[in-house]
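Only one structure is covered here, and it is reproduced in the block below.
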Amino acid sequence: MMLGLVLLPLLAGLAALAIRARRLRELLLLGTALLHVALVAAAALTRPAAAEGAWLALDDLGVLFLLVTSVLFLAVSFYAVGYLRREPEQQTDPEEGFLFSNEPEPTFVACLLLFLASMTLVTLSRHLGLLWVGIEATTLASAPLVYFHRQHRSLEATWRYLIVCSVGIALALLGNLLIAGAAGPAGSLGLDDLLARAPGLRREWLEAGFLLVLVGYGTKMGLAPMHGWLPDAHGESPSLVSALLSGALLNCAFLGILRVRQVLTAAGDSEFAAGPLVAFGLLSMGLAALLILRQPDYKRLLAYSSVEHMGVLSFGVGVGGVAAFGAMLHAVVHSLTKAALFLVAGNLLGAYATKRMAAVRGARAVVPASAALWVAGILALSGVPPFGIFLSELTILRGAAAHDLVPAALFLLFLGIAFAGVSAQALPMALGGDAGGRPRMREPVTRILPPLLLLAFALLLGAWLPAPLVRLVEGAARLAGGG
Amino acid sequence: MSALALLALTVVVLVNFRLLGGSRMVPIIRGGALQGVLLAGVAFALRFEHVGAESAALAILTAAIKGFLLPGLLLRALRQVEIRREVEPFVGYNLSLLFGALALGAGVLVSQRFAPGEGVQPLLASVGVFTLLTGLFLVVTRRKAITQALGYLVFENGIYAIGLCVAPEQPLLVELGILLDVLVAVFVMGIIIFHIQRDFSHIDVDALETPSERPREAGA
Amino acid sequence: MELVLALLLAPLLTGVVRRTKAVVAGRRGPPLAQAYRDLWKLLHKSAVYSRTTTAVFRAGPVLGLACVGGALALVPAGPAPALASFPGDFVLLVALLGTARFATVLAALDTGSSFEGMGASRELGFAVLAEPALLLVLASLAQATGAWSLVPVLRATPEAELGAFALLAIVGATLFGLLLVENARIPFDDPTTHLELTMVHEVMVLDHGGPDLAAIEAAAMLKLWLFAGLLAGVLLPVVAPAPLGVAVHVAGVFAVGVAVGGIESSMARLRLVRVPQILVALVLLALLSWVLGPELAALS
Amino acid sequence: MTLLLLAVAALGCGGLSAALASRWPGWAGRLGAGGAVLGSALGLVPVARVLSGSEVGALELGWAVPGGALSLALDPLSAFFLAPILALTALTACYGHGYLAADAHPRRRGLSWLWFDALAASMVLVVTARNGLLFLVAWEGMAVASYFLVVHHAERDGVLRAGWLYLVATHLGTAFLLLLFARLAASSGSFDFAAWRAPAGGAAALFVLALVGFGAKAGLAPLHLWLPEAHPAAPSHVSALLSGAMLKTGLYGVLRMLEILGPAPRSWGTWLVAAGLVSALAGVLLALVQRDLKRLLAYSSVENVGIVLAGIGLAVWIRAHGDSGLASIALAGALLHVWNHALFKGLLFLGAGSIGRGAGSLDLEALGGLLRRMPWTGAAFLVGAAAIAALPPLNGFVSEFLLYLAALRSVTAASLPSLAPLAVIAGLGLVGGLAAATFAKAAGIALLGEPRSPGAAAAREVGPAMRFPMVVLAAACVVLGLAGPLGLAAVEAPVAHLLGARGEAARALGALAPTLWTVGAVGGGVLLAALGFAGLRRSALAGRSPRTAPTWDCGYGAPTPRMQYTASSLAQPLTALFGGLVRERLARGASGPRSFASEPRDPAEPPFRRAFGAVAALAARLAPLETGSTHLYVLYVVIAAFAVLLWKLA
């Protein structure tokens, strides 16, 4: 059952390479996505008991992130069908005007499926080494996705993404090895036996291992100051890829850190992790909020907002208690909102062919549905109530305010600065006056339905949390927050 | 620790200095390959005594991949690029050697500090840390994409060495997975180097006209 | 009671002031009842209304007169109680004077002439400081005598010790200053000048004629009587019951009239810039009386 | 309580149906306005019942959100604030229907009504919520709904910027509330107001958080910068609702927090009085120098909020001295001023809207002579101006009279040191004088004299739908002015609820009734006397036929409208007195024409601009961090690793 979840997209990806007919390939993509969601839902409901020490198993944390990843992948694949069908072979670059062609479609679809397979592997693995292999595989699978538009800027972004992330993940490998070493020569990286022998581990190596894993997977997760690669990768890759990158991949990287935090908690040393997590959280939020103020390009703006929200996650888990529950909820809701926003950004890019926010005005008249979604998404991102992010950020604040007010005040200050920066430039795009004489464009369903559904789901989570989901998030919070 | 392994480790240290000092590409790639093979040999020696055949066999496979497959890939990319020398890297070669010495000192210091458990040679740990720092240094300071890929490879070797002395035997699958990832990573880097060359006729990572250096309009 | 007295004797008070100025200047001056004849003449003249004006212009003088009448209803005449008396009635008095001023200013602005606009602007400028000063003075009196309504306040017989005397001196000086400001007397404004640029109150009523002008003149006279009545009430202790006390009160009012005449003939008009400084001084005096009130009471 | 839910439902469906019918603007307007009026009517019934003393059941529903609960209740305090909100919603909806009929963007009308009804519904929820989470959701919902209303005319320049400034200011204000609520929820374990208690030590810190958070929404002085930007940008019926009703939710918040944080010490009273008076003085001074009518009214809202806060502070100060009878008078004055301000500020903003629609401009220097051309709007605006200047026969005076009385009697009670009441009396006196000057200027320049621009000369009266609400509000001002005790009866329930001393409050307010009747009687008497004198004058003039002629003006040959006094020249003596309010530029051209121009300057703006500038400068200094060179990014990763290792392990 578990292996099936990983193998399905893997095999589909390899098959996609072979298929020449576009329609058949699209069918394969959609079919796999639907089947994957079905399997994950079935697994989440039935929760098959995994044997002790098994390499692939489902626990609350894994299920939560896997659910988000597969739902997101379904939405993105539905969007991708429309996107690929309309994407011309040869097109001119909006910024610098040279001609460039795209990556051949089969490789793009194959890499998408491999990307899903690797992310599934990460969420399911109960072995830290296997987890590392999964995360490295996500990097390798997503590199060609970022390089979809064959032109020098996305090439440079891909190179940076590959090098920075690989170095980061290699550091994480070093961390994993240190953790294994902490259990003495016979140490293994299986999560279950690490948890079992946790009190006996050599404390100093375990802590050094956690810190290296935190920096390593933190690079992949986009925590500041290791976030350098994120704005370029998101800015240059097609919007549906950045949706997957921001929505699903960053969560998986965070999962890596949480797994090691589980080991620390089992060793009775969970307080050790609180300090660095809160520090990285606040640093990311502060740096991202300030950089957002001067960002002229809306896709890079969303990327920096991802850095900030990863900071919120790290801060929430660091504070622990109720805030951990808020952080887990925030991971889910942020992924949904950010993915929807990236898809809508893709629509706006399609309509206005420029990424500079100052050049986009009056979207309300040109692409009304996307403009409405864009405004709703921006407000949702900034924590306006009916949407889920307000709820999660308030829960995190509630946890933080129980201790002392200074970190909570900083938390709110950075959110405020980011809100001012984002709303100052993003809202006039939709509500602004003259549309520069652009005619009203037809917006296909495939471009509007996915972001609409994702935002609707985020809105639902803001107003009504279904009971099973609450249990799931509580379980995940207990595992992650050093309960 | 057999004398052979000791010899291998000293050669690794020498290769590190060669990598830091050299400017021509081909010897650097060959040096990286040699380093991979030597470390795999040490792994083979270590494991053969303790654990058993099949993990030792794995070490041979690693040697094969790191010694011949990856360098061959990089050399093939190099031939298409017709670039032979690393021109004015960010940090001069002499300074790099100085850094090498410092890194070696740091390696020894770290291995003492962490007081490795019994049966782990402090020399292996310090060589591992030194190789790791050399790899990082190469990635950070060299301009050419190929040298950065090689830097990543050396960095990988360093971690492999530390992994050896910290957690000697790993389940087969994980070892294979790590190896596979490194292989694919370098393979993808090779492809991208090819594309960089095709578009730019140079492989200076720094001069790829980075997006964020474009003339910035006035702030928000 | 004060209202009835004012309606009857207010023009006489203006006559007294004019007569004092004339006598001090060595002239015989107009007959005391001249003011009555002026009012009667104006009532019987026709009126000319400007085309730009609206109902506000016609309502100005009438509302002004009514408000001053209302204010007078709150003031006691010596021993005789006022028509209406309740806690905080002097706040209503100050506010009614404010309404009268608001109506006059709007009527002036309605004509659309630059002179009347200038008068209105200066009037508003003075009022902003005069109103709080009057309010504070009456409030400090209330604080000193422990009562909240004008009737008991003015009827309270201040003991003759040094402290009470000093407090009365300060309050009296402030009230007298406010009388000069509110009634557009010499140091602040010249009621008899013909040069529009120097006027404040007079220039606002430039365009009114006939019965309107009569109403405005009457309102001015009643206002003078109001302030003189207040001042007399504060300074003169109420010694005798009704008939005699009221006579003493009326004599006091006329004494104040003479004092005003004396001041007017001894000073020239202040430069317009100096007026706000004097007003601020009056406000500070009122604050002083407030702060010193309890100490002075304790002293005596 | 069910009626209240019905009201919110009516508002909701009205808004949604208007949005759905946006393709037919006519219907959208009718549906939206109808929904608003119906909702308000339904809501007013329970409000009236609660204010007259009877109880209305609370609503307690579960809400599948951690810490949240759909709990609404209508106690006297909520009912008192709900009344002006609902009344103004109905009247501004009626006005808005007429106003938007001639709007330039028919297609946006449906959406505008959706946000209008959403704003009204969220205000109703804010005032009745008993759960912190529900309160915050309604609070932010109110902010977002009003943002979309403010940017209705997005294509006009400066509107989007004003909208953004408003959104950010509200959001930052709410940040303080988030901190406050999180702290209270953390210390008491739940988000329900009933469970909240002031933690032993930190009550003062929480009070400051509440004062800043709610003060930012109410437009308290240093935090008021968004108000003069947002209100003029919004369509008039929206700015009337914003100024009349939404600002009150800030004051409601302060009162609710005072109730929750328990008995307030004397220092809080002094803080409130100081903040209130500073805000009142700053508001009225800045209103005095404004040239744009709506900015003038917005600043005057800052002033009135200051007066109410000073009243609340005085009540807290007196109650801290134990005399809750006198405190109830001060609180009654403050609360009554909330109603009065809702009435005359709503009236003035609607009047300003009609003037803007009729004369085409809101710049006082371009108006004049509008009373003759727009009699209904002019008369209503005049009544509003007189009421807000607190002149006796009207309602503005009644509430300020109560404040004066409370301050006065708390002074004469020998036991109390007299700093705060003295400040209130002097402050209110000065502010009253300035307010009278401001609105004499506003009404005088706009309505009277010669029209100063062709637009004003060709002004036409507005339609009946816009006139009716103005007349109703003007009538309400006069009625509440003459019949003071009517307002007193309505205030008794909330005052008793807040001060918790039902007996003493009832006795103190009861003793006040005859005083207020006499005040009303004197006011009525003055009006009757005025009518009498007018009759007398008509009879005097019966024989002689009065002639009309151009203004005599001392014999000027050809007076032109430019010769009239303008708004800034009328206020010049005062601006000279209170320096620093106006930036004056005197052009001394050697040869060219000399010119004098003055525009208002808000002294509170520079500190905020410097603060935002510092943040922007910090962001600029961080820009090189984003160099885009791979090498640096890898270096950052390595540095981060070493730093965290050294920090935690060394």
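First chain written, first letter: the chains are A, B, C and D, and each begins at residue 1.
Operating definition for what follows: a contact is a pair of C-beta atoms (placed from the backbone, for glycine too) under 8 Å apart; a residue touches a chain by one contact, two chains touch by 3 or more.
Predicted model only: the values in this text are computed from it and were never measured.
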Chain closest to the assembly centre - both centres taken as Cα means: D
Subunit A and subunit D: spacing of chain centres that average the CA atoms, whole Å: 44
Centroid distance [mean C-alpha coordinates] between subunit B and subunit A, Å: 30
Computed distance of Cα centres, subunit D from subunit C, in Å: 36
Between subunit C and subunit B, distance of the C-alpha-averaged centres to the nearest whole Å: 99
Where subunit D touches two or more other chains, by residue: 616, 619-620, 623, 626, 628, 630, 634, 638
Set of subunit B residues in contact with two or more other chains: 136, 139, 148, 205, 210-212, 216, 219
Subunit C: positions in contact with at least two other chains: none
Every chain pair meeting the contact rule: A-B, A-D, B-D, C-D
Partner subunit D, residues of subunit B touching it in the complex: 90, 136, 139-141, 148, 205-206, 210-213, 216, 219
Residue numbers on subunit D that touch subunit C, as the complex places them: 368-369, 371-372, 378, 382, 386, 389-393, 397, 401, 404-405, 408-409, 411-412, 414, 418, 422, 425-426, 429-430, 432-434, 436-437, 440-441, 443-445, 447-450, 514-515, 518-519, 521-523, 525-527, 529-530, 532-534, 536-537, 540-541, 544-554, 556, 559, 561, 563-565, 569-574, 577
Partner subunit A, residues of subunit B touching it in the complex: 114, 117, 119, 132, 136, 139, 145, 148, 152, 155-156, 159, 162-163, 166-168, 170-171, 173-174, 177-178, 180-181, 184-185, 188-189, 192, 195-196, 199-200, 205, 208-212, 214, 216-217, 219-220
Residues of subunit D defined as touching subunit B within the complex: 616, 619-620, 623, 626-631, 634-635, 638
Residues on subunit C engaged by subunit D in the complex (per definition of touch): 43-56, 58-59, 62-63, 65-67, 69-70, 73-74, 84, 86-89, 91-92, 94-96, 98-99, 101-102, 105-106, 109-118, 120-122, 124-125, 127-132, 135-136, 139, 142-143, 146-148, 196, 206-207, 210-212, 215, 276, 287, 290, 294
